[in-house]
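For reference, the structure I am asking about is given below.
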Amino acid sequence: MVYLTRVERFNAAHKLWVEDWTEEQNLATFGKCANKNWHGHNYTLHVTVKGKPDPITGFIMDVKKLSVLIKEHVVDYLDHSNLNLDVPFIPKGMQPTTENLAVVIWNRLSEALKPYPCQLHAIKLWETETIYTEYYGE
Amino acid sequence: MVYLTRVERFNAAHKLWVEDWTEEQNLATFGKCANKNWHGHNYTLHVTVKGKPDPITGFIMDVKKLSVLIKEHVVDYLDHSNLNLDVPFIPKGMQPTTENLAVVIWNRLSEALKPYPCQLHAIKLWETETIYTEYYGE
Amino acid sequence: MVYLTRVERFNAAHKLWVEDWTEEQNLATFGKCANKNWHGHNYTLHVTVKGKPDPITGFIMDVKKLSVLIKEHVVDYLDHSNLNLDVPFIPKGMQPTTENLAVVIWNRLSEALKPYPCQLHAIKLWETETIYTEYYGE
Amino acid sequence: MVYLTRVERFNAAHKLWVEDWTEEQNLATFGKCANKNWHGHNYTLHVTVKGKPDPITGFIMDVKKLSVLIKEHVVDYLDHSNLNLDVPFIPKGMQPTTENLAVVIWNRLSEALKPYPCQLHAIKLWETETIYTEYYGE
Amino acid sequence: MVYLTRVERFNAAHKLWVEDWTEEQNLATFGKCANKNWHGHNYTLHVTVKGKPDPITGFIMDVKKLSVLIKEHVVDYLDHSNLNLDVPFIPKGMQPTTENLAVVIWNRLSEALKPYPCQLHAIKLWETETIYTEYYGE
Amino acid sequence: MVYLTRVERFNAAHKLWVEDWTEEQNLATFGKCANKNWHGHNYTLHVTVKGKPDPITGFIMDVKKLSVLIKEHVVDYLDHSNLNLDVPFIPKGMQPTTENLAVVIWNRLSEALKPYPCQLHAIKLWETETIYTEYYGE
């Protein structure tokens, strides 16, 4: 079993804000991340698949095909988007925290990878150079 | 003459959009950067001052003081902000491109550094890991 | 289960030196790391906690609170310190290797994180850009 | 159990090309990686060993010894080499993909580490800044 | 005058070898870089243009257009190539050192940028993480 | 004129402390950097030389020779040293600030490079990932 990771990037705006809460509650919980006018990040996404290298090609999966899949199913929707408003597969009202984004991206890609012999193993998402989350599907 | 650089970071939302233009013109010129709902970046800012090291302290300027100055005059305004809407010293209607931001930051800091014996030498601003601008005051 | 990591940094001096050994033994074992006058490093510390994202906030734990905890319990003691002499929770005579530091930091933070619903998962400590250790509590 | 990682680097040429296939098949499968005249990469290799820190030295293994082992058994053969032609322990006809290289490097180093009390835990191999593989020996 | 830089990457094989010299001379001068079977690198290329930001768009030059130009005139030729054999604008017999590549890339891009109001300012080319060259056109 | 840079690294301890001052003065000026028991850093050093690439070899200077020179004249003295106590070419009482170190390293290397046809152009010294200095010899 070998693990293969592809790194992609996207830039997006978001804010953390619970609609049912007062402004005070939101600011107390989310601080500057609750700025009504949004803020944003350069996200770095690591997608890891696992499998046996093919005995002829040496590939678990063609990494260029993996890159295309990630772009088509995730990055093309998230890049230069507003994560609270623009992305059909982020449920309305779900906070676009790095934790929740990792799970949402996992769900998109585990679906997209079904036709392939390898399995999705991990999503790692950097929000800034000091914050990242990881999700392994359970 | 020795050059001393301090690196700081801020995360912000913005869009590129000329009010007097149609949506078609804006999209043709700015592409995804014209998304009405904003997008954002992790910016990395290098501020370089130059001067003679003090013969006793070995400092051109105390780098912690330089860090405080950059935060007070620039980063505290820009971090977790919307660059089009929230920042008093970014003129309304000025596109918040990396080029323009570098000049605006220069102007703020050359003012703030006047009481100090060293001189501002350069502003370098990374918008993504593949784009940066530099400004030397002229 | 989602994993959330916060990265912090500290700069410190240390040496590797066994008091019961001769200088020859120390130099033979530790080489330049046994320099009597110390040397030092910029350490980069990754602290990973795991848990379920809160359904309202989307947080495993507020990453700013995690950052404050790491600073209060670890970084404020280690930053600009001498790891052999200055740190109350590093036992005298324990070599401040990256291996031992990772365990000591784990012990401090697993204690500090007890009141929180998430669990400490991993400590990763970079000593230089080519050396790091990881500890998972067992 | 603590994990210790040493990072080493090597630069090499390679191509992906199945001898039994036509040029069309090779180009369809490997794209630009099938360029007959080769291309190359700066590889970054992480070697992780695990064990208990020695109670006196605080070492799982002397990281300088680990570095020497990696160089002697792996990097000295791979650095400035052609991975298809020059390396005795890469079987002829095996595609030098990052997946296969990780396994080959594991096999070399798990052998070389046998005399040491620690165990090889992981090989992580970066081919570019957006592609890496990992292998844990099974 | 503001400076705008775009970073692009390419991976290539090369060797340093003077045809008129004996193998001994080549190995004495170029060491492992003279390996007959080639070696390779991941190159990172910084292209800097300078000019006045447009008062409406805030652009010196649309950085996406700059990226397309660099790809069309430089990267599409160099990526996954053999720098000694495959590149029409690298003169036969010219050593593909980082120094010479920087000059060749400058010449290609200063030509390509002629129709644009900004000027080419600098080429910076990283060959490994410890070696880079810069060229300013004179 | 092409510029060639070699990057080297060293790890060292130091403190900032003026002997003629009281402890209060030292702490007021240097803060945590005045810790009597020292602290330390991983320094990253960029050495830039300039010249014309040799028409045959394509070299301004053999970068491996440049690396050897930097090690012999600078890094072998500074690595795993105490910058206040151990380095013969750092004058006693001179504060080992990044500013002063850049000048001292320039002086060492401009001397060492005299026999070579290229000229020393710049010293750039990173003390942490947010602080660096540059010196151009005047």
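Chains: A, B, C, D, E and F, in written order; residue numbering restarts at 1 for each.
The criterion applied here is as follows: a contact is a pair of C-beta atoms (placed from the backbone, for glycine too) under 8 Å apart; a residue touches a chain by one contact, two chains touch by 3 or more.
The structure presented is a predicted model; accordingly, all values stated were derived computationally and were not measured.
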| item | value |
| --- | --- |
| Each chain counted as touching chain C and chain D at once | A |
| Shortest chain-hopping distance from chain A out to chain E | 2 |
| Interface copy of C-D among C-F, D-E or A-D, judged by whether over half of the contact pairs recur | A-D |
| Superposition rotation for chain B onto chain F, Cα-based, multiple of 5° | 120 |
| Most distant chain from chain B by Cα centroid | D |
| Whole-Å gap separating chain D and chain F, where each centre is the average of the chain's CA atoms | 34 |
| Inter-centroid spacing, chain B versus chain A (mean Cα positions, whole Å) | 28 |
| Chain B and chain D, separation of their C-alpha mean positions in angstrom | 41 |
| Numbers and ranges of chain E residues touching at least 2 other chains | 129 |
| Every chain pair in contact, whichever chains are involved | A-B, A-C, A-D, B-E, B-F, C-D, C-F, D-E, E-F |
| Of all residues in chain E, those that touch chain F in their complex | 16, 18, 29-31, 94-100, 102-103, 129-136, 138 |
| Chain B-touching residues of chain A, taken from the complex the two chains share | 9, 11-14, 32-33, 35, 37-42, 79-82, 85-86, 128-129 |
| Complex contact set, residues of chain A against chain D | 1-8, 48, 53, 56-60, 62-64, 67 |
